[in-house]
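Quick heads-up: structures coming right below.
Shared between the two complexes below is subunit A, which has subunit B as its partner in the first and subunit C in the second.
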Partner chain A sequence: MNPYILSILLFGLGLGTMTTFASSHWLLAWMGLEINTLAIIPLMAQHHHPRAVEAATKYFLAQAAAAAMLLFASTTNAWLTGQWDIQQMTHPFPITMITLALALKVGLAPLHAWLPEVLQGLDLTTGLILSTWQKLAPFSLLLQMQTSNSTMLILLGLASTLVGGWGGLDQTQLRKILAYSSIAHLGWMILVMQFSPSLSLLALMTYFIMTFSAFLVFKLNKATNINSLASSWAKMPVITSLTPLILLSLGGLPPLTGFLPKWLILQELTKQALPLTATLAALTALLSLYFYLRLCYAMTLTMSPNNLVGTAPWRLPSFQLTLPLATTTTMTILLLPLAPAAMTLMTI
Partner chain B sequence: MSLQKMTRLRPVRLLSSIHQQQLLLPSTTALSVPRRSVIQGEYRRPGQPRENKLPWQKINFDFSKGLQGIKKHFALLKKEFFDRWVGPQGKPILEHMLEQNRVIWEFRGPECLEQWTLSSDREIGGQSEIYLKLGKNTNTCFLYGTLSSVPPRDGETRYSGYCTMRSKQPLAAFDRKEHYDWTSFNTLHLRVRGDGRPWMINLAAETYFSHQKDDIYSYFLYTRGGPYWQDVKIPFSKFFLTHRGRIQDDQHPVWLDKVNTIGFTLGDKADGPFQLEIDFIGVCKDYAHTEEFAYEVYKRNPEV
Partner chain C sequence: MVYIFFLFLFCLVLGLAAVASNPSPYFAALGLVMVAGAGCGVLVGHGGSFLSLVLFLIYLGGMLVVFAYSAALAAEPYPEGLGSWPVLGVMLTYALGAVMASVFFWGGWYEGSWTSADEFAEFSLFRGDIAGVALMYSMGGGILIMGAWVLLLTLFVVLELTRGLSRGALRAV
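And then the complex of A and B:
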């Protein structure tokens, strides 16, 4: 892509998110979300492949519907309460509508249907931007709203963890697996949002780091389905041995970083007298863990009987940057000892 | 006077008169552009008799068929539910990883012929014929017929003469579309015995959200005739994009994760009988084939 156009689009992405972060008026927040949507559409469709165009179209339709619902709900709130402030929402009807609109924006079940197909049509870099950066702005709005509809948020959360685990079981395409993983993780974040927004933010940040690592590993392997991961042991043995740790961190196993948000969320849910919710969330996390384990199995724990064609991959160095992967992999694997600091900071 | 006429009409007739009026509204498109529906599923195959039934006359209520349908669809749904526990698409992950060949269609009994649809230019008024039956030993399918390139006499068709066999779209529970996922493979492997005619293999991917409706990826199948079987292996990187028979400028490799149907078309302008015997159609992974796309993807109208 023309570097000027690329820089304008990336700048637009940053501007949109920052506008939403900085806004206390619903219209400005909506404007930031729209700038985000519009800026990422050309990035998605840049390859002009029909599936990329399909992904861009589906993304646009879902996000536009969510933005329209958001606008309608904020207007209704202004009508009912006389003000546009994000943090002063009191009437339950606009709050519910806005929560659903933001759930559609972010891809929470049952409004998740667009996410796997959209991620499947994109290349891995744009998919990474979609999975990480595009979640920030709606999340900031969800965090700021004083939600009184606890049942709906719990239901959204449980449905997301269930659908994320269940849907990922049937996939062999890596991007769809990461989409369902995104749905599941967002479910965990939504579960605890009304009790401890800072825990939600912690979960989001750890999810970002873990997803970053996962996407970068797949990008280095140029792999889009499980079978193409099977030959990575020959090309990059060290990354192949570290990737199970990244995937198990995504699955939330101790002593890896991914365990931290899950543990704290379960603890918070239990303290809030929701032990059944906590149990259900933990059980549905097992489904996600199964498909992460499957990826580990295919990639690292088995040696594929099929060797690569020729010896070129060993001889020719790869020109892809590995510093981001190194940083995020270290953070994905080793940040659990920061748990006491996280607990003091996040659970005040 | 008109008021009495209105009261004499029964309510049903009133509805039909409104319906008729809607059907008789003149089309706003020009006559040279034939009206075709854009939404998938509304297409009426040329040659099928036009159904003049009103919507409420098309209802065909049969209780036992309904029960059978419910049983069949719920059984498919249950299978889909439990298949997930075995692995993706019902196969354990080891099978996905180790799979190098998969036979998609083979012809071992009359029920296999139900998966295929035949058509020829008889539908537009031509004179070609095509038939499908099981071959001898019921191990193969035998496609035969006569090609005739005499154009139909409707004043606008100039060329004619085609025969085609196309697989039916696979359906999941409740008639949802299911797609073939061939991403682990990169070659199409057929075992055919033809009569020397050149056929065209058409792969149709899912075009509802992407592509135009009739975007099809095609490649040639040259049969060699003779009593010996022919193993044809065509890499998927060789398939080029066509739309209603015309090769498109904007080419890209076929994405194999949502393949709907495969078809064989004969249109080589040589009148006369033809025969094609197919043993099986499968996909395989050829590790020696590293080509991503066989055709140059160049930039038209480059900036200077």
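And then the complex of A and C:
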């Protein structure tokens, strides 16, 4: 893509998220979300093949519907309460509508259907931007809102963890697996949002680090399905041996970083006298763990046979940039002992 | 006055049903014209005369005209009009759905008539919409700049999406 256009679009992505962060008026927040949607559409369709254009179209329709619902709900709130402030919403009807609109924006179940198909049509870099940066702006709005419907948020969370685990079970395409992983992690985040917004933010930040590592591993391997991962032991043996730790961190196993948010969320849910919710969330996380384990098996725990030429690429120098992957892999694996510091940094 | 309002709102819902019933784009644009016209009438009745005129000018006279010309580029010999049974059936279903929804919210006899309330109790030259536009140009300058920047961004987005003729994303061109 033309570098000037690329820089304008990336600037638009930054501007949109920053606008939503800085806003206390619903119209400005909506404006930031629309800027984000607009700026990422050409990035999605940049490869011009029909699958990418289809993904861009589906993304645009879903996000436009969510933004329209957000606008309608904030207008209704202005009509009912006379003010546009984000942090002072009191009427339950606009609050419910805005929560559902933001759930559609972010891909929470049962409003998740667009996410696997959209992510499947994108290349891994744009998919990474979609999975991480585009979640920041709606998340900041969800954090600021007063919750009036505790049951709905818990249902959204449990449905998301269930759908994220169950839907990812039969997938062989890596991007769809990462989409269902995103749905499940967002479910955990919204489960605890009404009780402890700082835990929700911690879950989001750790999810960002873990999914960044996962996307980059797949990008370096140029792999988009599980079969392509089977040859990564011959291409980059060190990354292949560290990837199970990244994947199990995504699955939430101790002593890796991914255990931290799940542990603290389960503790918070128990403190709030919701033991059944905590049990259901933990059980549905087992479903996600199964497909992460399948990826570990295909990639690392099995050295798939290859012809002699195919076992040699690791000898050749690689010219791909691996510093971001190195940083985020370290953080994905080793951040659990720094849990108190991580908790104090999330000061929402 | 009440009857004019009722007529405008009725045409609005009917036009919305016409758009949503999936006819050929020319007839959907006709439905949009009806919706925008009726909506502007309701706006005028509530005191937003400037906003209504701007809506007519920019939405109907700018955006819809461009849409009509673009749709005319993809003209088909037998377009699915509003009289063909697949479209008409869906439209009647939507109209019936709207009637059922309105019956659900039907109030008492006192809701049969209403008066439109404007914002200012006294006689003032600053109506809501005109004063809002003036404020946007004066104290809301930052939003104006951001709005203009977003429009420029939209231009670049559209140009980038349609670049390359048939090698790009629009293979039919």
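Keep in mind that, in the parts below, the second predicted complex is superposed on the first by the 331 of 348 C-alpha atoms of A that agree within 3 Å, B and C clash if a C-alpha of one lies under 4 Å from a C-alpha of the other, contacts with A are read in each partner's own complex, and residues count from 1 in each chain.
The definition used in the following text is that a contact is a pair of C-beta atoms (placed from the backbone, for glycine too) under 8 Å apart; a residue touches a chain by one contact, two chains touch by 3 or more.
These numbers come from a predicted model, not from an experiment.
Judged by the touch definition given at the top, the superposed model places A:Ala64 against neither subunit B nor subunit C.
Contacts of A:Gly12 after superposition on the shared chain: subunit C is touched, whereas subunit B is not.
Applying the stated contact rule after C-alpha superposition, one finds that A:Met1 touches subunit C and leaves subunit B untouched. In the superposed three-chain model, the partner touching more residues of subunit A is B, compared with the other of subunit B and subunit C. Of the two partner chains placed around the shared chain by superposition, subunit B and subunit C are both touched by A:His48. Contacts of A:Ala39 after superposition: subunit C is touched, whereas subunit B is not reached.
In the overlay built on the shared chain, the residue A:Ala22 is in contact with neither subunit B nor subunit C. Contacts of subunit A with subunit B, set against its contacts with subunit C after fitting on chain A, overlap at residues 48, 50, 53. Those residues of subunit B that touch subunit A in the complex are listed here as 83-85, 88-89, 93, 96-98, 100, 181, 183-184, 209-211, 215, 250, 252, 255, 257, 287-288, 290. The touching residues of subunit A, counted against subunit B in their complex, run 48-51, 53-54, 57-58, 117, 120-121, 166, 169-173, 224-227, 230, 294, 297-298, 302, 304-309.
Within the complex formed with subunit C, the residues of subunit A that make contact are 1-2, 5, 8-9, 12, 15, 19, 28, 31, 34-35, 38-39, 41-42, 45-46, 48, 50, 52-53, 56. The touching residues of subunit C, when paired with subunit A in their complex, are 143, 146-147, 149-150, 153-154, 156-157, 160-161, 164, 167-169, 171.
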